[in-house]
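In the two complexes that follow, chain A is the common piece, with chain B as its partner first and chain C second.
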Partner chain A sequence: MPDVQVLVNDFINKLRKRKIEGSQATSRQTAELLRSVISQTRVPYTNQAGALIDAVRAVGEQLIAANPVELAVGNIVRRVLHIIREEDLSLATAAVAGLGLSSVSDDEDDSERDNHPVLSAAVVAAAARSTLRPPSLQTLLEDVPDSGAVPHTSSSGGDSEGKSKSADKSSRSRKLKHDVIEALNELIQDITTCHELIAEQAVEHIHQNEVILTLGSSRTVLEFLCAAKEKKRSFRVFVAEGAPRYQGHLLAKDLVTRGLQTTLITDSAVFAMISRVNMVIVGAHAVMANGGVIAPVGLNMVALAAQRHAVPFVVLAGSHKLCPLYPHNPEVLLNELRSPSELLDFGEFSDCMDFGTGTASPLLHVVNPTFDYVPPKLVSLFITDTGGHNPSYVYRLIADYYSADDLVVQRRPPTAS
Partner chain B sequence: MGAQKKGATRFSEDPEELARVPLQAILLADSFTTKFRPITLDRPKVLLPLVNVPMINYTLAWLESAGVEEVIVFCCAHSKQVINYLESSEWFSHPNFSVTTIESHNSISAGDALRLIYERNVIQGDFVLISGDTVSNMSLTQVLKEHKERKKKDSNAIMTMIIKRSKSSPIIHQSRLGTDELFMAIDPNTKQLLYYEDKADYSKGAICLDKLLLADNPTISLHNDKQDCYIDICSPEVLSLFTDNFDYQHLRRHFVKGLLVDDIMGYKVFTHEIHSNYAARIDNFRSYDSISKDIIQRWTYPFVPDVKFFGNSATKLERQGMYRASDIVQSRSAEIGSFTVIGNGTRIGNNAKISNSVVGEGCTIGSNVSIEGSYIWDNVIIEDGCKLMHSIVCDGVVIKSGAVLEPGVVLSFKVIIGQQFVVPPYSKVSLFQQPTKQDSDEELEYADNSSGIVENSSMADTVDKSNGQFTSELLDEECGPTYELGTGGVGYIWSICEGSHEEEWRHSIAPIPADKLAEAMQTTDDDLELLTQDGSVLPPSGELKPDSNYSDDNEDPRDVSIYFEKEVEATFLRAVHENIKEDHVILEVNSLRLSYNKLFTDCAGAIFYSLMKLALETPHSSPSELCNSTMDVITKWKKLLKSYLTDIDEQIEVIQKFEEICLESAKEFSPLFSKILFHLYDKDLIQEDAILKWDDEKKYADEADKVFVKQSEKFIQWLREAPEEDDDEEDEEE
Partner chain C sequence: MEARRASRTVSDPKVRHVGFFTPDPNPQPGWNPLASDPPVSNSLSPVIIPPPRQPADRTAAVPVPETGVRRQTGADQVPVGSYNPSESLLGSSPVPSSPSSRVGLAGGEFSEESNGWFRRSDSGKFASSLPDTMVERAPENSASAAPVLESKKSVEATGKGGKAVVEEQNEVQSSSKPLKAKTTKAERRALQEAQRAAKASGKEGNKSAAVSQGAAPVKPVKQPSQKKDGPPVSVSVSVSVVSFDKKGGDRPPEKERKKDVPAPRMQFDDKSRVQKAKKHAVVKQTEARNRVELFRHLPQYEHGTQLPDLESKFFQLDPVHPAIYKVGLQYLAGDISGGNARCIAMLQAFKEAIEDYSTPQEKTLARDLTAKISSYVSFFIECRPLSIGMGNAIRFLKTRISDLPLTLSESEAKAALCSDIEHFINEKIILADKVIVRHAVTKIRDGDVLLAYGSSCVVEMILLYAHEMGKQFRVVVVDSRPKLEGQALLRRLVAKGLSCTYSHINALSYIMHEVTKVFLGAASVLSNGTVYSRVGTASVAMVANAFHVPVLICCEAYKFHERVQLDSICFNELGDPDAIAKVSGRTDVNYLNNWANKENLQLLNLMYDATPSDYISMIVTDYGMIPPTSVPVIVREYRRDHVFI
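Right after this comes the complex of A and B.
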């Protein structure tokens, strides 16, 4: 599958060069790439899930390493791994049931399995909402033996199992891949429509004559505000410009073209204006497992101001932004320092950076971090495509979307041992 | 010219075809200079690590991200190494980005390289011309668009140069990249480059612009705060121009200046200034240092150490601009300061201090080592207690315990520095002996001998003699001169030629020493003083009116004489007002004469001029009064004047000076010419021979010049008749 390798390399290149902007685009492209990886992977008769997981993990490892700051890549890789596990599990349970009920006819078996995938795909897509199987219990009881078998099946343990069920496995060999791709399509669909799903809830949160504050630009926020506007809510928006990239200017422009009453302020004026604000609505770069938010720079200040004046601080995040990791040393490890030239003109200050004179170490340092970390206690509410959640509930959402085995994707053992 | 025209029309005819041509770039993987010697004896410059990544990768990564589809890498020096490196790297397997190499062994300049590329006929459309040591993150779309549009309108606009604002130091007239101050005249409206001078003579404090330039262009802005990024967008004509003008060698000094001067073809060069993006070229050790620091400070984002823009190892950025690779063994007591990069697999011992430095992969740094502002490449072993300041240490170097590297030291590959040895500042150490003959490469160092290598050396002298060989061959460790680099040391210290020793600090990676700065400051002040006296200080950057009158080269001697005369006059007036003894005045004037490199005749003229001026300034109501006062002054300062009028030539000079005064500066003297001349004669200041000779010389002059000769006709007549009488009188007296 050389063409997939080309695709992967191309995507890795783009990630490295920071050519893909925005977590939505990144996650969609990641999912699409993984879909083609899966469709190109040759599945052996035994242990298909293991093969798929290995393939996805190998690619995922490279993708995550290409741009460790873009957490959405890791999220999607883990989601895909989770989907594979879930599908495998549902197939296995279905097969076991099928064996018990009707091991006589292959056709019947097939038809039954035809039904199952549809059901299970839906289950996975709505994994969070699935009350069918409580996810935490599920993973604890059933996933563990399965995933434990994954690395070993090829050598010893799986063989006997494979032999005993070889006939059955071969028959459902193509099924798993098919199901996974189905589920992936749904995931991609979810990612592309997450704006609408979030925006649908706008009316519940934005009330008549309210003043909303936001910072920088986020497409989710734009859609959210516009959805409320379409529902005939009249409200005002304060937009903090979001230095140094000033994307707030673009947002203000977009809002005005959609007919919203907009006020543009500087970032430093946020504290002065916050007392007039009814709600702060912002986008996020990633939502961490503890409910903390990695967000565009400046938002921590906004969150603190909001807390000071008891203004609700609402974060909009598609489910692809939920990251199963905990933020250790968030300001450094999960941040990206961009070029200082966004802050000041190199030519103007070039004499401050003349290393030829003086101590040879520059006296002027320009630091341009991209992200802020907003601790969970400052966040009032998360609005995801599945509804509104408290920060303390985020860990639960994450347990729905990811399986605990995939938290460390870079793990060597699967490939080494 | 016919060929050019044909080319031009061909391109203007079908712009559609032009648009479909993939964007190409020519990357010169050879700088055709020797500034990085002795390091470049082992490895080509483009493969030298810049913040632990070979330089060429920055250039290629940028070209790739800027949308260039095809890169032609021109390799000359160490071409095999470059080609091998590229083949083993991932650049050859890149989709949508093809890298091809052209190898040459006899090209000695960029001009040769471009001529060869023209012969190969690989360039189809506009291309980017860049050398393999350029770091940039600019986007090319805008400049390419501008270039194409200009080309469509005016087929003579064949090149667009990328420039960037960067103030150069006013003290030492050099940019932060260690290159000389650059003067450019640009038309602010069209951005056309009108003048380019990178070797401006600051001692004069002035640059010379052609008056035509000012006459032809309504507005010109003159800049000295622009930096040439050495990134050019060229049309294919550029290559054919190089072929037509076989003597073009250097891209700037010959090609650009050639185009600017040549008005027959009418080719034009334009500039494009980048603001927020970064672009710079590594030209010498100082720019290596500056650009490394810029990269660490992330100005080149996304080409920074923690982004894997090419197959480099993963590095994590920590607080205070510290980059650390994953596999580092670091002692708990080691201190790693800010803006430091530590490569993979490096071990750092107890109490080591590292700041503002780059350490490569697989290095071993002992305990109590202090490293400041240094660049340590791969697999270097630094034993305990060493001290490194602002130096470059190449691959495989071993520095034994207690050795000290003074600022500006460059240790080339695999050198061993002995125990406790102190390497003197600015020295370059290599396993190779210094080449004793200037080979073809050195010839490329046009007019710039700062890193040139001379025939013999003072420091390495003894070594060379003891070995008795002058070849530049690798020596075995056994026969290496052990005492030159301490006990157990291996390598040769390259000597710096006398003339360039002064200049060594300019291009070194070490900060400029304070005394040099003070010295430079002094001279700058002097220059400024002179300039302000002249009243024509050049504004650093700004618009010049076309009517401003700039002096040409040939007027300069006169300017100096004016200064000299002014100085003499000032000295003389001081003498008058403060009653200084004539002897002292003579002494002072003599010293002035020496400092301005003048002749006695000039002194005589200057003193006479100041005398007359003094006389003129004493209040007078009538010519006769003036005459009297002049005579008084002359009588008073007779001795002073006399000491400079020993020769007949000097006397004639005085007469001529007097003429000049009468004609130009003080017309009041003209009716008194003959009287004062007589007085001078009377006071024995001017001999009759001088007057007669002056008269003789004037015979062939035109009428206007003869006014004073005629006026003093009687006097001369009398002189001609007098001699016998005079003699007689003398005889009688005796």
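Right after this comes the complex of A and C.
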């Protein structure tokens, strides 16, 4: 798989040089890369899921190391790992269920016979079902005997799987890879269309004659606002320009071409204007597990101002931005300092500094961070492609997308399941 | 003297309902006990004699040693201050003095009343020469925010000045001849109001005439006395009491109070008024396109279009003095910016204009010059809206002009005004800055990391001074678009060898972790403690507050204003929107090159914002270091000494 390695190295280089901007583009490309990695991976007969996971993990480690600040990469790697696990599990249950179905259909009555796998398959299916469905009141109340079979799934599940695997390896080996790639395609699809799903909810949040404030530029925010506009809601938007990248200018231009009443303001005027604003709607770089937001620089200020004036602070985030990690000192550790040339021209201050004296530290430092951390208490609402959520609920949301085994990608896994 | 007192005493006992009542002929003995023991009366009178309302008028007036005279002036003030018998009648219990004196008037004691007016008027004059002492006493005053303390202090001060007052009074009497001098605008208004009030109170015409006659001489009387003692320091001390009586009282007369409320500002969404204003405008500004709906009430013009036109008219413009014209153009072009610089430039232009001024025939200097100044001011406003400090300076100058004694020759008057202006610049701006620097430096310790926003000249002076003193600290300069004034500050600081960190306003939350103190300048401090300053200051203060970093506002007291403001929208200044569309030094940001053609797009370049007082730990001013809650006290004290400087 030399061509894959080339692809991987190419992508790593891009990440290192920060050529890819925006978490959406990054996550989509990561997913595409991982898809090709998976499709190229030769799968052994036994423990195919483990092999796939190992392959993905190995690539994922490199990707994450290439740009540790771009949390979307790690998110997607974890998502892919999770997908592999899920597919493996569902295949196993399906296979076992299929086996069970074939056997159970005729010998329902003589369960005394030694068909342990059949029983266990049925139990596995029941267990799978029971995890999806809440137990009925009756089972809770009367402790119905037929659910008594559930307890020994764990013991019997393993060998049943092993047996079923050996039953039809060839078909399953292809099927797992195929299914994983299917799921990955779905994931990529989700990433590309997530802002549409988010935008659909716009009418529920934006009302006639409202004043909305946003900072910097975000595709999701743009689509969100335009969706509300298309629903014949007329409102005005204040766009803070988002120095030093001035993405706000771009957003303002796009909004105007879509016919929205737009006012561009400087970042410093945010506090002055926020008292007349009904809602702050911003995009995010990443959403942490505690509900905190890693956002473009300046948003913490906006969030504080919004809190001061009791203006709802709404963060739009696709599910690929949900990061299963808890932040520690995110202002520094999850931040990145960009070039000072965005603030000062290099030549401009050279005359002020006396390099000849050779003092150890220069007199002038320029600080140009990329991100801000907005603590969860300042966020009113997250709008994701699955609906609106409270900051305190994010940890639960994350459990839907990631399995706990993958949270630490760097560490070598003890054993593949 | 004697005769006057007689009628006065008739009214007095009614007011006070205390055992001081003395029959007409000889009031002196009745007053003596007070005179013999002034401090006691000082402290006790407010307590022992609780007049239902208008207590300060009496209480503050009573304790003065030469009570006979003093007290009368105090009593006089009720009717005088309001010029409005009906109002004082409404004032219930304490007021009987005015009706009774009016009765006396009706009874033919005409001269009596007019004497009363004289006395009041000269007290007004005293107030005008007040500032000297106020400035000296300033720091203590500010420290003791409690008005009670202050009033006590000033009462004590009167001890010295009391004698002078008596002398003054005598002089005034002798010089009460020039009754029918020309009236200024204010006088005429006062006169009108007096007449109206008289009508309202339902008295006969002759009485209103009496009142008006009384009102007319208010100004002229001053001249002789003022001329004699120039700016008399000792007298001014005593006067502070008088004005205290008026302003510091719990219930100042209605008229006074109305005067205190600042006139509403021009609202530019009021079409008719804008049209009217435009007729007289020298600078023909064109309305900017794509204006922000929320800011219709503020003027916004196309920038830069009228400058060449005006420059070409430099030699043709008749009504505007060249010095004024030059400064106006500098405002327009943005060559002069910063509250202090603008104010000093304006005052110096006024000085030049006054030096070149000559009174036209058949006009008085006071009135004509005031009109001239007003026209200059409106020219300045056309160039750029005035800052609040400038407004205060203009108010000061106008009061000085209107307070000029008529007997002064033109050259003397001009010299007096010029020295006043110089005095203002020195005392209120330059020296005040030095005092602020001294105060603020005490708050800088070794190892501090100080954050400065934008470019405030006071803050810069503080940093440089602390550096000179050898304190070890770092400076974080935070900057914001579009003016990027911080870069200029950064350059000057680095050149002086200070260790600096430069960042932009969005990075505040990142940089605030290491900051230990925030120093901010202000364009104005409003009496509800709101700090009106360069846009972004509020954000800086807010983030600092969120990170529990103390915020120190450095502002000269001449920029304090009694106006209140809750948000940054009701009053503000709009800058050039084009400055937002273009990002200097960044050719890659060019999305909005032809923004004016897009009707849905507006660019908003706010110049100022209002910082809520709860973000502010301390305001460093030339009166000392005060909490924002003490601003109204300073405003009240300061305005008095300022207006009557």
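Before moving on, here are some points about what is shown:
Note that the second predicted complex is superposed on the first by the 343 of 417 C-alpha atoms of A that agree within 3 Å, B and C clash if a C-alpha of one lies under 4 Å from a C-alpha of the other, contacts with A are read in each partner's own complex, and residues count from 1 in each chain.
One rule holds in what follows: a contact is a pair of C-beta atoms (placed from the backbone, for glycine too) under 8 Å apart; a residue touches a chain by one contact, two chains touch by 3 or more.
Nothing here was measured: the structure is a model prediction, and the numbers come from that model.
For the composite obtained by overlaying on chain A, chain B and chain C can both be accommodated side by side without a clash. With both structures placed on the common chain, the touch criterion links A:G347 to chain B but leaves chain C unconnected.
Shared-chain residue A:E21: touches no atom of chain B or chain C. Look at A:V366: by the touch rule set out above, it reaches both chain B and chain C. Using the contact criterion defined above for the overlaid structures, shared-chain residue A:A66 touches chain B, although it does not reach chain C.
Using the contact criterion defined above for the overlaid structures, shared-chain residue A:S268 touches chain C, although it does not reach chain B.
Using the contact criterion defined above for the overlaid structures, shared-chain residue A:N9 touches chain B, although it does not reach chain C. Of the two partners chain B and chain C, it is C that touches the larger number of chain A residues. Superposition on chain A leaves chain B and chain C with their closest Cα atoms 8 Å from each other.
In the superposition on chain A, the residues of chain A contacting both chain B and chain C are 342, 345, 348, 353, 361, 365-366, 368. Residues of chain B that touch chain A in their complex: 61, 65, 95, 137, 164-167, 169, 171-172, 174, 176, 178, 225, 275-278, 286, 289-290, 293-294, 297-302, 307-309, 314, 316-319, 321, 339, 355-356, 373, 390, 510-512, 517. Residues 292-294, 479-482, 487, 490-491, 494-495, 497-511, 513, 535-536, 538-539, 542-543, 546, 567-569, 572, 580-581, 583, 585-586, 589, 591-592, 598, 600-606, 608-610, 612 of chain C are the ones touching chain A in the complex.
By the touch criterion stated above, chain A contacts chain B in their complex at residues 6, 9-10, 16-19, 65-66, 332-333, 337-342, 345-348, 350-351, 353-362, 365-366, 368. Chain A meets chain C in the complex at residues 236, 238, 241-244, 246, 249-250, 252-253, 255-256, 259-273, 275-276, 297-298, 300-301, 304-305, 308, 331, 335, 342-345, 348-349, 352-353, 361, 363-369, 372-373.
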